[in-house]
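Both complexes shown next keep chain A, but they swap its partner, so chain B is in the first and chain C is in the second.
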Partner chain A sequence: MNMYSRLRGWLVSPSVIVALCICVALFTVFQFSLRAYIPGSLDVGGFTLANFTGLGKSIYRDALWNTLILSIETMVFSLLLAYPLAYALVRVRNRALKSVILITAITPLFLGEIVRTYSWIIALGSNGFINSMLRKLGLVEFPVDMMFTHFGVLVALVHVTIPVVVLMLAAAIAHIDRDYEKAAQSLGAGPIRIFLTVTLPLSMPGILASSTTAFAWTFSAFATPQMIGGGRVPTISTLIYQLGFSSMNFPLAASLSIVGLALTAVSLWVFGKLTARFKHIGGH
Partner chain B sequence: MIRKIVTTGLVLGMLFAGAARAEDALVVSTWGGNFRDLIDKYIGQEFTKETGVPVKYITGGTMDRLNKAKLATTPESDITFTTSQVGMLYANSNLFEKLDTSKIPNYAHVVPQARISPYQIGSWAYLYTIAYRPDLVPKSITFDSWSDLWNPALKGKVAVPDWDPSHVIAVSAMLSGGDAGSWQKGEAKLKALKPNLKAFYTNDANSEQLISTGETPVQVMLSMNAYYMIGQGSNIKLVIPKEGAILGVDTMSLMKGSTKADLAYKFMNIALSSAAQAKIVAAEKTSPVVDDASVDPKDAALPGVLTTRDQWNKEAIVIPDKLRAEKMAEWRKWFTENIMN
Partner chain C sequence: MKIKPSLPWPVRMAGPVLICLILAYVLLPVVVVSVAAFNAKAILSFPPESLSWRWFGRVFTYPDFQHGFKTSLIVTVASSAIALVIGTGLVIIAKRTYFPGKETLQSILLSPLVVPHFTIGLGLLMLAAQIRLDRGYDIVILCHVILVLPFVLRSVYVSMENLDDRLEHAAASLGAPPLKVLFTVMIPLLAPGLFGGWLFAAIMSFNEFTASLFITTQETQTLPVAMYNYVREFADPTLAALSVVYIVVTASLLIVANYFLGLGKVLNIEESSR
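Right, the complex of A and B next:
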């Protein structure tokens, strides 16, 4: 047995331990979801399916639907806005300009979700920056409702997600061999055709990876929907907090978590199936 | 070489000395920010002056600290400050020690509404009532009654807390001829309030931001927060409707398993002293929980500062803490399903 084989066990063991811990945590959540809530107590009662049977109400269906739609919308808009930034970040030759793009794209990451969300509360408010500009320009007479709306939550989520998508896309674009593009150019392809037939397909691994990340990241988003949504845009995370943790109703919180987890798994599986034919593109 | 050993020894000694000192400290669990500062300034520092024992604070949200206390095998603090109804959850989980009030001489002055349970004593009180921006609300609305919240002129202008709907639930029930115990009587009334509700604020800071930006110019707000905003120059008016306002009492308790019970009782006694209570009222515009606090007449005249037995009886709507602790999950579920969406 060579050294690598001997070391492999030691290298794999920590990941096995972490995976086991995650499985134990998930099992704990699952068993909580099957226990009865005792009002006024932190302890839980006996076996029951009531936590799941009660989830048929419209509030829970709406929360699941909102979460799914917000995740898809955030994924799509983040991708559309982040790709040009990532492309410019990689391909711009001017170092000063490259630094400006990097700082603009990545700095929000350092502020944290809460600070950025509070900033959006000020920007989106009835007397906030956006409404003030719209009224000064005479485009609207009365403030446009953006706070406590699906639109407001989406804008803030996209802003929070873009830096991560930019980083992942930039890494993928940076790995594209420029010779392919030069070959296409030498054969007479214009810049747009080169982009659509060479660059974009070769960046597909990055697009898929960043899309999946943006989707999963948004699915579990809490602070932004909670604060910008103001209770008006229910998502799975905000419901788990409101009905579970703040009320100490851990069984209900656990059942919502299990349903959310199942929906995430199904969504990612469907996404994987839909994008399976794109996975081989970009391999070189 | 010897210099390195000596230096290392000195550094380690200082570290361990710090740790040993922390071990001797009385540990108090509380909310962070101005609550921690308030406890330290008016109680903790006096306690250290009298006993020579330092006070160490561990801070966090109400529910976060409860979760941690439930999971801990030994108590992380000696004293816990929390809300009266959440304190019931601590007590029901056997996390609090039954208090020996004979060791707290100032307990004799505690008003009845602040004698929460054998495990909790009120530390200060406040009211959840109506706060509004007079510049953003029709002049004809002065909130003489809770029913003014339902005025159609307030469509899309009102915010209430999302973590505790007990205030509006109790008020709706009261306006419908019931009370918190028969809260279902107020269901229709509360549903009728929906058009006026714009948002459900998530925490005190969110509440303050929404009213200061004018996003929700009318709120069911914690009186301490309203006075804080007024002190910062915000144009906010706080009113106590004729029916009264929902009483909130923050409490202190001795953690089960604490090895510093005698020191904890000393701390609590200082908290209930007339001097400490008067200073807390002056700083935060709370209501003193003792009947012998020397409150400045200007503060006593403020809406929501209860200093006489008559005020406590007439202006404070009390939701029994046991009921609140037992019903909270049910109320939140109903409120989320029927009002927030």
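Right, the complex of A and C next:
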């Protein structure tokens, strides 16, 4: 008889209650997505599929497409920028330098979306830091539009995503057995070749895991596209907020959430397949 | 003696230069917001024409920030403590015993890592509307417990991996009842992991914005929501000053944590020495 059996009920039931709350909340979204919208009221009408057919409009299709593209772009750019940082973080010998890289790379992770996004608003605005510098240097005559653009949203989203990707990649790189690299070196491979044929393939599990996280985070990002896009870079999250709080059309907001959830599930499934495939190849 | 393969100097310099450029990108908004915070005028300009501390004064006297800070403290303390207790209990039982539906329960509780926060916020908001529940602190705290629980579960799970179950058996065979084993053997041994999980949960809760925007009311408005509303209403640098407060507090905490705990070890990014 296991000694914890007697405590099981007490220790597990609170978790069951929280899990039930999650299920009920998600079921409510699902249920609302099938209800008729009564303008000006939080109450809903009978069951209908009208919300989903309503999503066929180009504004919703564009938002879905935009969200997907932004998530993929953010994933790629944050990987490209985070890998060198993660590599340096693990391999730099100097302890002080290591600490500087670590603190700089992860402080943004703990600042919250609002502080980070607001900082980018000040940097990107037409009287902002970047435009002021460009004009002082005489590079441009008129301010370059960066606020309310796809580019501006992407720059901020990549910035928001980098810290977590750095941490995940650094964990993967730290667990690479350096003997493989030494073996390659003793066989005459140069540093670049060692990196491309040994280090990079061995960090592949970390790359795939952090890609998944970067994609899922960006897909559900709200503050950044809302504040920097200002309604001109529509994403699933900003449209849901607009539908819920400007038009009070909760059924339509719910159906858009369901489509977003379905897209997330499909993407995670694809990432899962890719990871499994890589493990399979790596095993031979 | 081994001959190091040498590369021409532009190639050798490329790495450090690249790292500096990436760090500059990561630091750019921090620097920009810090400069903006000391801008004396209400309209931002770079570089500022004159400097002042006045916006820092407004940060601490603006009523919505004061109220938001109080609300955030209540929600953060309550939700991180509840998540810690619930999460620790579940992980201990899940690691040591079997019960039906264990896997399903764990996947549901971990789902907020991939289910967007706005979906969870929207779901709770619509649920409250449908069952005619007045939205108060309880639903905000419930929402935060749901969102931070996955981080507690992961942290406690990792510490349980390194726990030797013979210690518990020894205590039990000497006649200690299960609750005594729990509180005198398990909890003290798990303490570092519990602290890490709690800290992460507290930081996540304190900064949570998206779901809170959906479910809070004027009365339960948390600090991030108050900050978001401020940006929509005013264009002055008050929020820049508040951002600087955030940055200074966060960076100092991290530097202290790094000095005493070694963040590299906590974050599992140290190479094992051999």
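Just so we're on the same page, the second predicted complex is superposed on the first by the 242 of 284 C-alpha atoms of A that agree within 3 Å, B and C clash if a C-alpha of one lies under 4 Å from a C-alpha of the other, contacts with A are read in each partner's own complex, and residues count from 1 in each chain.
Heads up, the rule we're going with is that contacts are C-beta pairs under 8 Å (C-beta built on N, C-alpha and C of every residue); 3 or more make two chains touch, one makes a residue touch a chain.
Note that this is a predicted model, so its numbers are computed, not measured.
Visitor: If you tally the residues of chain A touched by each partner, is the higher count for chain B or for chain C?
Guide: In the superposed model, C touches more residues of chain A.
Visitor: Let me test your reading of the model: by the given contact rule, A:246 touches which partner, first (chain B), second (chain C), both or neither?
Guide: first
Visitor: In the overlay, answer first, second, both or neither for which of chain B and chain C A:150 touches.
Guide: neither
Visitor: Of the partners chain B and chain C, which touch A:127 in the superposed model: first, second, both, neither?
Guide: both
Visitor: One more residue to check, A:99. First (chain B), second (chain C), both or neither?
Guide: second
Visitor: Pick one for A:42: touches chain B only (first), chain C only (second), both, or neither.
Guide: In the superposed model, A:42 contacts both chain B and chain C.
Visitor: In the overlaid three-chain picture, which partner chain does A:119 touch, first (chain B) or second (chain C), both, or neither?
Guide: Touch partner of A:119: chain C, not chain B.
Visitor: Considering only touches as defined above, state whether A:108 meets chain B (first), chain C (second), both or neither.
Guide: So A:108 only meets chain C here.
Visitor: Could you look at A:230 and tell me whether it touches chain B, chain C, both or neither (first, second, both, neither)?
Guide: In the superposition, A:230 contacts chain B only.
Visitor: Go through chain A and flag every residue that touches chain B in one model and chain C in the other.
Guide: Chain A residues touching both partners: 42-43, 118, 121-122, 125, 127-128, 227.
Visitor: With touch defined as at the start, can you tell me which chain B residues reach chain A in the complex?
Guide: Answer in residue numbers: 63, 66-67, 70, 88-89, 92-93, 159, 162-163, 198-202, 206, 209, 213-215, 322, 325-330, 332-333, 336-337, 340-341.
Visitor: Using the touch rule from the top, collect the residues of chain A that touch chain B in their complex.
Guide: 37, 39-43, 57-59, 62, 118, 121-122, 125-128, 147-148, 226-227, 230-232, 234, 239, 242-243, 245-249, 252
Visitor: Looking at the complex, which residues from chain A come into contact with chain C?
Guide: Those in contact with chain C are residues 2-8, 10-12, 14-16, 18-19, 21-26, 28-29, 32, 42-43, 81, 84-85, 88-90, 98-99, 101-108, 110-116, 118-123, 125, 127-129, 132-133, 159, 162-163, 167, 170-171, 174-175, 178, 185, 190-192, 216, 219-220, 222-223, 227, 237, 240-241, 244, 250, 253-254, 257, 260-261, 264, 268.
Visitor: For the complex, give me every residue of chain C touching chain A.
Guide: Against chain A, chain C makes touches at 5, 7, 15, 18-19, 22-23, 25-30, 32-33, 35-36, 43-47, 85-87, 89-90, 92-93, 96-97, 99, 105, 108-109, 111-120, 122-127, 129-130, 142, 145-146, 149, 168, 172, 178-179, 181-182, 203, 206-207, 209-210, 213-214, 224, 227-228, 231, 239-240, 242-243, 246-247, 250-251, 253-255, 258, 263-264, 267-272.
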